[in-house]
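Structures follow.
Consider the two complexes below, in which chain A is the common component and chain B and chain C are the respective partners.
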Partner chain A sequence: MAEIQINSLNKSFGKSRVIKNVSLCIKSRSFTVIVGPSGCGKSTLLRMIAGLEKIDSGEIKIAGKSVNDLPPKDRDIAMVFQSYALYPHMTVFNNMAFGLKLEKKSKIEIKERVKEAARILQIESLLDRKPKQLSGGQKQRVAIGRAITRNPKVFLFDEPLSNLDAALRVATRIELANLHDSMPDATMVYVTHDQVEAMTLANQIIVLSEGQIEQIGSPLELYEKPQNLFVAKFIGSPAMNIIPIEIFTKGINSFGKIGEKLKISLETNFNSSDMGREIYLGFRPENLILSKKDENSFSARVSFVESLGEYALVYASVEGSSSDHDIIAKVLGTPKISKGDQVSFQIQKGKMHLFDEEGKRYVNGKKQV
Partner chain B sequence: MSFFSLISTVIVGVLFFVIYFGLSNFILDLVCKFKSNSVALENSVRAIIFIAPAFLVLFMFILYPVFETVRLSFYDKFGREFVGWNNYLWALNDPNFRRSILNNLGWLLIVPTLSTFFGLVIANLTDKIWWGTIAKSIIFMPMAISFVGAGVIWKFIYDYRGTGDQQIGLLNAIVVSLGMEPQAWLTISIWNNLFLMAIMIWIQTGLALVIFSAALRGIPNETLEAARIDGASEFRIFWSIIIPFLERTILVIWTIITILVLKVFDIIYAMTNGEWQTEVLANLMYDWMFRGGGDSGRGSVLAFCIMIGVIPILVWNLYRHRQEQKNEI
Partner chain C sequence: MKFKLNLSSIFSQLLLLFFVILWITPTFGLLISSFRDKDQLAISGWWTSLINTEVSEIHRTKGKNEQSKENEVYFIRGNLFKEDKGKKILSFGVTSKNINAYMVGEKAVLKDKSEIVVFENGDYEWRSENEFKKKKGRRIFITAKSPPSFTLDNYKEVLFEAGLGQAFLNTIAVALPATLIPLIICSFFAYSLTWMNFFGRDILLATIIASLVVPLQMSLIPILTIYNDLGALFNIEAKSFPGIWMAHTGFGLASTTFLLWNFMKSLPNEMLEAAKVDGASHYDTFVRIVIPLSIPAFASIFILQFLWVWNDLLVGLVFLDKHPSEIILTAKLKELLGSYGENWEILTTGAFISMTVPLFIFFSLQRFFIRGLVAGSVKG
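== the complex of A and B ==
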């Protein structure tokens, strides 16, 4: 039972505000991923939870208890660093046993717990080696092992996979997911800039940007209902297509206009007061279908096709009123189109995202998209 | 020598070497162009060309004197008549020589250890406080003072005036103000050695401090933080993480100070001149070599002894260096 509750947390380094009034709740036993672009304050937030960074104002509670004034070692946490941060002169065994020795556990217990962690992580054969003699992936396992042996309530991971090569990253990601399943009582907080890691690992994602929370939700919620433009663009790969659109007709099925000739049904109910508003239309590449020309389709000129066999990425540009807008479509199979073609796309029903002038998700009375 | 001739000597010297290196390199290039032998040979010849001048200087000013010292140690006080092992036998039976050996051993045990220890601890502590840089500069300052200068300063600290007189020595002033008898510190044998060592420690701690401070920056912050999360106290971090991390640096500093201490001379010369049983080898050597007419035979024996003391440390250092290079490959 280790819920992490954060209330109006603030942190500045000198003049720059890094964490701006952040409040959130990390549910006990969840695998929560904090995701955001580099420099948005993810590490700082994590380090404040760990107690490595002083907080300017606000409160952090772990398991219902305020830890503001507790040193790291009394917070019942373990942390895995991006740089592994192994103790270079100690063997793998001693690296993993260090915390237990400090807790004055018996020799037998230490041995058992290290062996057990080594078994889970499949590093039993490395116990006598020094960190220098390990590969990046092995070092990462040892760093995770060091966290496991101490059996803390909360695990904190700071971009643990970013120093690994692509194949190893995928493999380790799956192992981390399994690790969480095998330790159901642990709360895991995982920081990454990689939205794929976030989507695959998390059951709760916190999207952070410039020290502020953009959205908290399950991976699916973020994918299907991004609350603002930032999340919309950040989650998903290739990123969501966003084009500005002018509200053109009112009523149950309002139309928006992109260019002089291009009009799209917005599946939303706008009033007469909304006429002429410039809002944003978002749609994911995978929600575009090639179609015949009709009233729900819009045409675009293909500028490039990346055919990957299973699917093809079609880069195209839509003629706008002031300038052209580049979009990407993810089309299954191998479509017979090539550079320079004029094609018609349709957005799948119910897969439109509308954002208002401030970039907030557009919600209107009855008909929320 | 006038300023002008000094400058012209320097210019001629520099020019000579520029021409030497330029010309020999040029000739080598020419030769190699026409006779394209193996690259390895060319490289080794080039190495010899560039090392040769330095080696010559080294030979003239270091190796030759070593041989000459060994030779002289078997001759009489004027370096004329061969006397066999006589000078060595004399040394073995000389109470001053024995005292010097003992004192030198004491210096060797205490000074490098304490200097390194203080340097390490202070480097670690000054890293944590905002006025650390100021503290470091102050502690490093004695490094800028010559040993003789340091001796003069410390003479004032240990200075002794008769009971009743105004004590101008810092130490005695303190002692008297605490209501105790003033002491002639430098004459209290055995202890006076420690008082002299304090001067050397005072100077060398600065050196150790600066090098350790730089080395401390090499320890990744995250490693220390990991230890902190693991529950290690600051002392434990120092002991279990920092010290092992600095092992190489500690050895280097310890060696540097050890070699320096083996040759310790100036401090003794300025403070006690070996009186009151504070004699050390270097001062004893100076005494025999240059005082009272001089005895190049006995002086050389003593000089040779100092060299014998330094050699194992140098060899061990070279060996370690090789070992480390091997490990890195």
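== the complex of A and C ==
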């Protein structure tokens, strides 16, 4: 059991605050992905868990024990670095055995554990090579193998796939998922800026932005109920369409308007006090359907069609009062529309996301807490 | 574009060739000269010694005591050369006015009607109807082709008689510790400056970089004064090998530390952090990772510091005595220059001996110059 509990963690480099009062819990045996744009402090957070970065204030507990003052080696963790960080002068075997040798384990045990890790990762034939004789993917395996041999409770991965090419990245992603299955006792914390990696690997995702947590939840929760605009835009590809909208009528099935001409049913109950508020309407490209013109539809002018066979991405603009709003629709099949056409879209029932002025999610006319 | 590229590569090849020739020629010349006969060295350039050269020499035949009598004719026979060096006589003469009057094998008729024949290999036959009267032999002038000839005599003389051998050993005794001690100290120092956090680290680093520009000459006399005082205090010699080791260590400290620091901070940060996560202490990291990866840097710094100490004269003169058991090569060469200024064979040989070690060091360590040992640790 190795739950990671983080309470009010802070970290600054000089004047810039990189981690701002972060509290979170990483469940034991979970595959947790910390995701966020570059420079948002993911690596810093991970390195603080590893003990490579000093903590300004707050507390990190691993398996119930505060590790604030423990050096990395006593935290029962292993880390896989973005650059692999192999020891170039040692063979693969020695790279993987390094930690065990420092622990003064017996030769036989070292050999057994390295062999076992090599077997899991299918790098048995590489044990006598030096890192410079390995391909990128092989180096990656060795780096993971080095972590496995130490048999830690917690694995920390810092963007381990970012140096691989696209095809290899997909293959390795699947292997990482399998690796977690084959070591069910291990807790894995994985940092990436790639939301696809996060969605496919994680059973818990932590979305980080500018050193603050935006949302924690399962991939499905993040996709279906993003708690704020940031998460809404960050998760999903192509990104969610966001349009500012003015609340126009009250009651069940209130209407909102975009500019002067366009009115959309918001499927939500607004009060009279909400009248005239400028909020945000979000809908995913895959939740747009081409439809007839009626009271639930809105029209847009097609600016570009990207046909991919299985589906087409329709880039269109909705006329607003001051400016046009560009949206993307993901339409199955190959629709018979082309540039310049005027088309009507409908948003699938129950697939609207409303966000208030501060970008927080609206549920049933109430601000969600 | 391609043409341009070729042109520039040809240019750089030519430049390389130029520098190689520039370097090889004098070195090779010195090497050849040091093996040449001292008399030849004085009169002809080293390049002439590689091919057959024509030499003119004066020899003397044997005198009357060695004549023999056959059928009422008197002969003196012998060989003009004292030792066989492969010279081949082309022509000879019997008077200084006309030193190649006769071709080899030709009969020279003298005033007293006696006849001399000289053969290619130096054999001669002097034939006369009358008994030879003169005790001394006759002078024969020869012109001969001489094959290249080399000798170890110069080395024998310089190493054992002039005392350069001892000076050579002394210099090794100075240079090796004076190179290794700072290298060892500074590798620890550079590691701590690069990878350890401690109070005042940046100031320390700034001080080291600043002290790079302090000329060594400024501190010679103060340090010698301190040595003298200490020597007097503990009643030991102020000038000694440990003394000069410390001096060289001190003078090399800043630059060695700076170069090593510069190298070590280029080692990938994540690799050292990986070691930390693997449970390595600073000492483990230093010994098992940083040192093996720093070998190219060590090699180049070793060469630099060693050559500097090897070629140093000033520090050696100040901190060591001049008696034979302490004098260093450069000082000894300078001394020889004074006393044997005319004897080129001593100087060329001495110079070449002093060059051998730097050449050896350079050629044996140069493969470590090839970097890229770190390549492969990062990325694919």
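A few notes on this one:
One rule holds for everything that comes next: the second predicted complex is superposed on the first by the 364 of 369 C-alpha atoms of A that agree within 3 Å, B and C clash if a C-alpha of one lies under 4 Å from a C-alpha of the other, contacts with A are read in each partner's own complex, and residues count from 1 in each chain.
Convention: a residue touches a chain if its C-beta (ideal position, glycine included) is under 8 Å from a C-beta of that chain, and two chains touch if they have at least 3 such contacts.
Remember, it's a predicted structure, so these values are computed and weren't measured experimentally.
In the three-chain model built by superposing on chain A, chain B clashes with chain C. Legend: residue contacts after superposition of the two complexes on their common chain; A:98 is shown touching both chain B and chain C. In the superposition on chain A, contact is made by A:52 with both chain B and chain C.
Considering which of chain B and chain C touches more of chain A, the answer is C.
In the superposition on chain A, contact of A:275 is made with neither chain B nor chain C. Within the superposed three-chain model, A:72 lies in touch with chain B and with chain C [touch as defined at top]. In the superposition on chain A, A:332 makes contact with neither chain B nor chain C. Once chain A of one complex is fitted onto chain A of the other, the partner contacts of A:135 are limited to chain C, with no touch recorded for chain B.
Contacts of A:363 after superposition: neither chain B nor chain C is touched. Among the candidate segments 25-33, 97-105, 115-123 or 133-141, the part of chain C whose C-alpha atoms clash with chain B in the superposed model is 25-33. 50-52, 71-73, 77-79, 81-83, 85-89, 98-99, 102-103, 146, 150 are the residues of chain A that lie in the contact sets of both chain B and chain C, per the superposition on chain A. The residues of chain A lying in touch with chain C in their complex are 47, 50-52, 71-73, 77-79, 81-89, 98-99, 102-103, 130-137, 139, 146, 150, 163-164. Residues 50-52, 71-73, 77-79, 81-83, 85-90, 98-99, 102-103, 146, 150 of chain A touch chain B in their complex. Contacts from chain B toward chain A in the complex involve residues 220, 222-223, 225-232, 236, 240-241, 244-245, 247.
If you check the complex, the residues on chain C that touch chain A are 268, 270-271, 273-280, 284, 288-289, 292-293, 373-380.
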